[in-house]
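Next, two complexes with subunit A in common: one pairs it with subunit B, the other with subunit C.
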Partner chain A sequence: MRGVGAVGGFLAGRVDRGGFLAQRAGVAGAAVLAVAALIALLAPLLIPADALDVTRVTDGAWQPPGPGHWLGTDHTGRSVALLMAQGTGTSLFVGLTAAVLAVGIGTLVGILSGHFGGLLAGALLRVTDFFLVLPALVLAIALSTVLPRGLGTIILAIGLTSWPSTARMVRAQTLTIEARPFVERARALGGGHTHVIGRHVLPSVVPLVLVNATLAVASAIVAESTLAFLGLGDPTRISWGAMLHQAQLHGAVPQRAWWFLLPPGLAIVVVVLAFTLVGRALEAVVTPKR
Partner chain B sequence: MILKVAIVQQIDSMNPFLAVFQSSTEIGRLMYDYLTAYTAADQTVTEGLANKWEPSPDKLTWTFTVPEGKKWSDGEPITARDVAFTYNLMLSDSVARTANGSFVTNFQDVTAPDDRTVVIRTKTPQVTMLALDVPIVPKHVWEKVSGIKDYANDQMPVVGSGPFVLTEHVAGQFIKLKANKNYWRGAAKFDELHFVYFQNSDAAVQALGKGEVDLVNRMAPAQFDSLDGKAGVTRNKAQGRRFTELMINPGAQTRTGEPIGDGNPALKDVRVRRAIAQAVDLDALVQRVNLGYAEKGSGLVPPVFGKWHWQPTEQEQRRFDPAAANAALDAAGFPRKADGTRFPLRLIGRAGRAYDEQASEYLKRSMGEIGIPLDVRLVSDNQLNEATTAATYDLAFSGWATNIDPDFILSLHTCAQRPGADGKGGTTDAYFCDETYDKLYAQQLSEFDEGKRVEIVKQMQARFYDQVPAVILSYENALEGYRSDHFATFTTQPAQGGVIMAQNGMWGYYGAEPAGRAVQAQGSRWVGLALGGAVIAVLVAVVVVMARRRNATAGERE
Partner chain C sequence: MRLAGRFGGAALSLVMVAVLGFFLFRVVPGDPVVSMTRGRPTTAAMQAELRAQFGLDRPLPEQFWNYFTSLLQGDLGTSFTFRRPVADVILERLGPTLLLVGTATLIAVGLGLWLGVRAAWRRDSGFDRVTTGVSLTLWAVPTFWLGMLLMMVTGDLFPSRGMRDTDTAPDFVSQALDVGHHLVLPSVTLVAVVCAEYMLVMRSSLLEEMHAPYLTTARAKGLRDDVVRRRHAVPNAVLPAITLVFLRFGLVVAGAITTETVFSWPGLGLLFYDALTGPDYLLLQGLLVVTAGAVVVMNLLADLLHGVLDPRVKVV
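Up next is the complex of A and B:
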């Protein structure tokens, strides 16, 4: 039951050496994320539909930052600031969903291989190794080329390529937990697989998984941006990576339109940094030893 | 001296009988001469491999003379037998007709009574006999080829008759050609011609700005604008001979009438196709996507070929009118459902092509207006090609370069050009098959009175416009740029407002003149002096510093 206590104790600070709130960098990251989430939620409500409709915009293309569009306009005359706000949602959504998918697969594979061992573990681990040695980006590109273009494909591509490290970590943790006397006692008392996994192993790996998920979001956002930048994303959906893609496709660099290149790039850096900070802070809180 | 040309489009085949992509046929033109050619100045017919031609009075027999003295790049003489061999190969092997079949479908037989004379007999009089855009291949190489379908034509150096010889091809990286010293017009004024692949045109434009490549075409308008006033770069805005179209799958069928592909059945209804065409704001696309560097689309022949070009009259004109399009769809039996949509369509285009990416957004909005949710899929060249040949599309972006004689572009829409039962052979553009159109096509093919033929060709375009198997969106200006500090001039076709790349010929590359050597030598001497000076200065500084340090240590030792 220790694991559950740890989860509950993150914020309150009941765990050994201070809670999450004691980690200043982590709190700063969380604040950034809160702002990003707020923008993502409010953007679709506040931005008038016409403002991002290429057929309706009235501003000229490639306008430098100025009144009315304080981050300039893109190649079609849409406001970059509004595009940024609109893109926040996509980038966060893809990042989160892909991370959940990756960590979900990783946890499942990790626990199963750690708990059951034997042939099943062997098979699962070989699959894990297979995905581990494959360059994730290449695999993701291949997947998103074969599957129909779209948000779902991107999420799938990222999710399917970034779970092996989680699986390895969770398996290791599962093995440690199962070696503990209380699991042995539970078994002796007649606890089946479901009981052991559900009541003992899972609660103990949850903090680790949570930390892993937070860090996975960061890399998933980068992966999404990469794929979108390479033109493999959903072409009609605005995301930060897609903005970078359009910027380079439509000649923002030769146009010297820094206002179309820098904001999405910086936004990716900031949000990824925020997730990493939060992840590291959580790690410091939940890591058993240290 | 090497002319480096940026290339973005992939190569489908180096085999001239199979090559359909513009990039491939462009390189084909450099490797192989045709029977006749078009002048650079005004695109009139001129000497190709043949220098004389004579139709019989009934226009059914044409005699071409291949003069003595022309040689293949390996030194073998070019004879009439090579010409006859090429055409006969196409007549006997349906695979060899894949790319240029339309030119020979009307041929009765082709013979070479001697080394200098080619006699072509046609079934009916054919007007395109001086516009046979078929690369002539060397018989002594190709008679050993067993299967055209699998022949990659990559025995380097590839024996050819054109101004350049293919010497190396690494797919997706570069294509290298050397000037053909045996070329009968005389070798080009520079040694090698390299096509360098770029992932996207932006990178190509950047490379042009930095001087890594010498020639870039098909620039996006924004990229073209960005090169304005750049030192060492000259821009060339030309009237293009290409059009961009939006294909609407009209219920694709094979030649034998078997349905193929999975196009939305609603599109079989011409009223639906017309409504879709009516909902597309062509003016807005030209203004906002092409940034004005294009002309609004109408017929199949671009305005650069003035007399063949067709414009709809006031009554024929389909004006942008979403309300009318909505009403038409209602009337056609596709009412809006509860969620406001009628039926979904897929739009497929090429990823990385600025036009497709941007225009697809416009189309998504425009189609949304008339209750058609668009699923936009941007894919690689090959995937797009697969989808369009297998007819697994509803709407698709496409485009064709047209020739001086409109026959080829018109032939793409005849029933006979649809694929055979195995899905292979034939080069239909949009799976159009229309009796009226086919009848007109046959008529124009045997109409030797040019004025009358022009009329028929215009009627065909009007029929095409009315039946909309594709909406001609725009005739893009060809936006090109070149390093005028490396190459002083390029031959454009036509001379006024013409293009350098994607010509009806190879003049652009062949006629490139390296920039004056004297100027360059002087420039490099100054650079050399400056560099030398800098090196000496650094050396002196190093020596001084070393000496001082040595002194210092010596002092410390004492």
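Up next is the complex of A and C:
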């Protein structure tokens, strides 16, 4: 896994303006995400509860794709296609909320350390750099091990470990903006911290933050799948990572049950790639041409 | 002055790693003994004994002092599951991880940088589009899934569990061949994911240099295109890329955890998995401190190396 939050960094500040092609890829990514969101919203409404109840399924275990279960069945006889649809919501939800948490912390720390100089900025910068180099997955594993298992823990574990790259970027942007004459003018006219941050710094930081958030979702989804694969997920919920955990646990590889291994992984790749493409396209749009 | 600052910063980071380890495993869980024995029948007496054994019945500052002083002496406590000193268990698993991570990193750095240079130099060419597309896709692939997939696709071609067979002849050559055979799938998995990121980093680093005036000068001197690339552009672009490779060492660590778990490679990553399924807090804490410490040291090395390789850094 890309060290949970280690994404955005290399894209930030080194914009690769792919031009029209990148924009088209971004649109394709957005379309994929729209479909995924639709599936996530409809799945809980359309799938009858007993279809995914291990005690009530009628199909045999490890059935290859065929009529009635067109993506085959898992080790308990549940339809892989239904599991996939049901898991979409969990993976997207965790990805989005963890990204919002990470980017929120990152933005706050970034603005604070950029706006206020002195000891506070020094300390915040020190902490940011410290967490930036630490392997985020290791920290996320530690956090999810010591906290009780659940969706909240996963979100917390990913969010609390993947904010530093955002913080760095927002700080750099804050410093750039605050060096501009109009901010100096605002200060001279008596604008306080709230005014400068709220009216000048924040609006200039928002586009960057949006790009970063999109990329953070991509990395958070991979992170969720990794934690779930290691058995640290919410045991009561179906997610793509949790399905792969089951696949590993119950020997899908030696069983050659490709239908249980391929779909969850492919779904993760497609959705993560879609978020990455949208992020890159957004980045090309919001970054002013040099 | 700069050197002293770097060493001081690294030392401070190491102390922060130690504090983090303490905080995560003794403060966050509330009562570590309760979560440690979760799911196992335990009596109050047993819990009290465990608490005394781990020193958890003492006030926090005293606990921290004991923890920190023994850490300085290389004592990471005793593993709950292995019933042996954590430091010994970790040392024992270091070799296989170094072998896997070392092999994979060398290949990934070489391949990634080479691909990145090619792609950036012929920007928007077919080669660039394909390698960038493949890299972005690989970046989205969960490492563990790629490993499982490779295992399924290759079938019986390569061994998929452990590091060596028990029935291999004890002489060096057959042992080395056996380990090499076992090494193929895990290192391919790790290389694929890590290499993608290195390629993207190298590509954007070289793209930054592409319009630098010194390249125009070099061309104006009548140098051939690949001489301009090899002698002028790449040496300048490779420095930030190399630094990023070191900075992203955490990525390799993360990859090693899942790869080793999938392939039962008997290294630190698998030990991580064992520790978290336990859960074996002291072992996990030891692993966290050791890997995070290693990452801090790697960063210091990257800094020093950068200073040696790039004379411009000294000026700043």
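Everything below uses one rule, namely that the second predicted complex is superposed on the first by the 266 of 290 C-alpha atoms of A that agree within 3 Å, B and C clash if a C-alpha of one lies under 4 Å from a C-alpha of the other, contacts with A are read in each partner's own complex, and residues count from 1 in each chain.
The criterion applied here is as follows: a residue touches a chain if its C-beta (ideal position, glycine included) is under 8 Å from a C-beta of that chain, and two chains touch if they have at least 3 such contacts.
Here the structure is a predicted model, which means the values were calculated and not measured.
Superposition of the two structures on subunit A leads subunit B and subunit C into a clash. When the two complexes are overlaid, the chain among subunit B and subunit C that reaches more residues of subunit A is C.
Look at A:147: by the touch rule set out above, it reaches subunit C but stays clear of subunit B. Contacts of A:250 after superposition on the shared chain: subunit B is touched, whereas subunit C is not. In the superposition on chain A, contact is made by A:55 with subunit B only, not with subunit C.
Looking at the shared chain after the overlay, A:231 reaches both subunit B and subunit C. In the superposed pair of complexes, A:180 makes contact with neither subunit B nor subunit C.
Residue contacts after overlaying the shared chain place A:268 against subunit C, while subunit B stays out of touching range.
By the touch criterion stated above, A:193 is placed in contact with neither subunit B nor subunit C.
In the superposed model, A:24 makes contact with neither subunit B nor subunit C. By the touch criterion defined above, A:136 reaches subunit C but does not reach subunit B. Note on the superposed arrangement: subunit C collides with the subunit B stretch 385-393, while the other options among 277-285, 385-393 or 475-483 stay free of clashes. Across the superposed pair, subunit B and subunit C both touch subunit A at residues 145, 148, 231-232, 248, 253, 256.
Considering their complex, residues 12-13, 16-17, 20, 24-25, 28-29, 32, 35, 136-137, 139-146, 148-149, 151-152, 160, 193, 197, 200-201, 203-205, 207-208, 244, 247-251, 253-255, 257-258, 261-262, 272-273, 276-277, 279, 281, 284-285, 287-288, 291-292, 295-296, 299 of subunit C touch subunit A. Taken together, the subunit A residues at the contact with subunit C in this complex read 1-4, 6-7, 10-11, 14, 16, 126, 130, 132-139, 141-143, 145-148, 218, 222, 225-226, 229-232, 241, 244, 247-248, 252-253, 256, 258, 261-262, 264-265, 268-270, 272-273, 276-277.
Subunit B makes touch with subunit A in their complex at residues 200, 202, 205-206, 209, 220, 222-223, 225-227, 281, 284, 288, 291, 351-352, 354, 357-358, 360-362, 364-366, 374, 376-380, 383.
Of all the residues in subunit A, the ones that touch subunit B in their complex are 53-56, 61-62, 75-77, 145, 148-149, 231-232, 235-236, 246, 248-251, 253-256.
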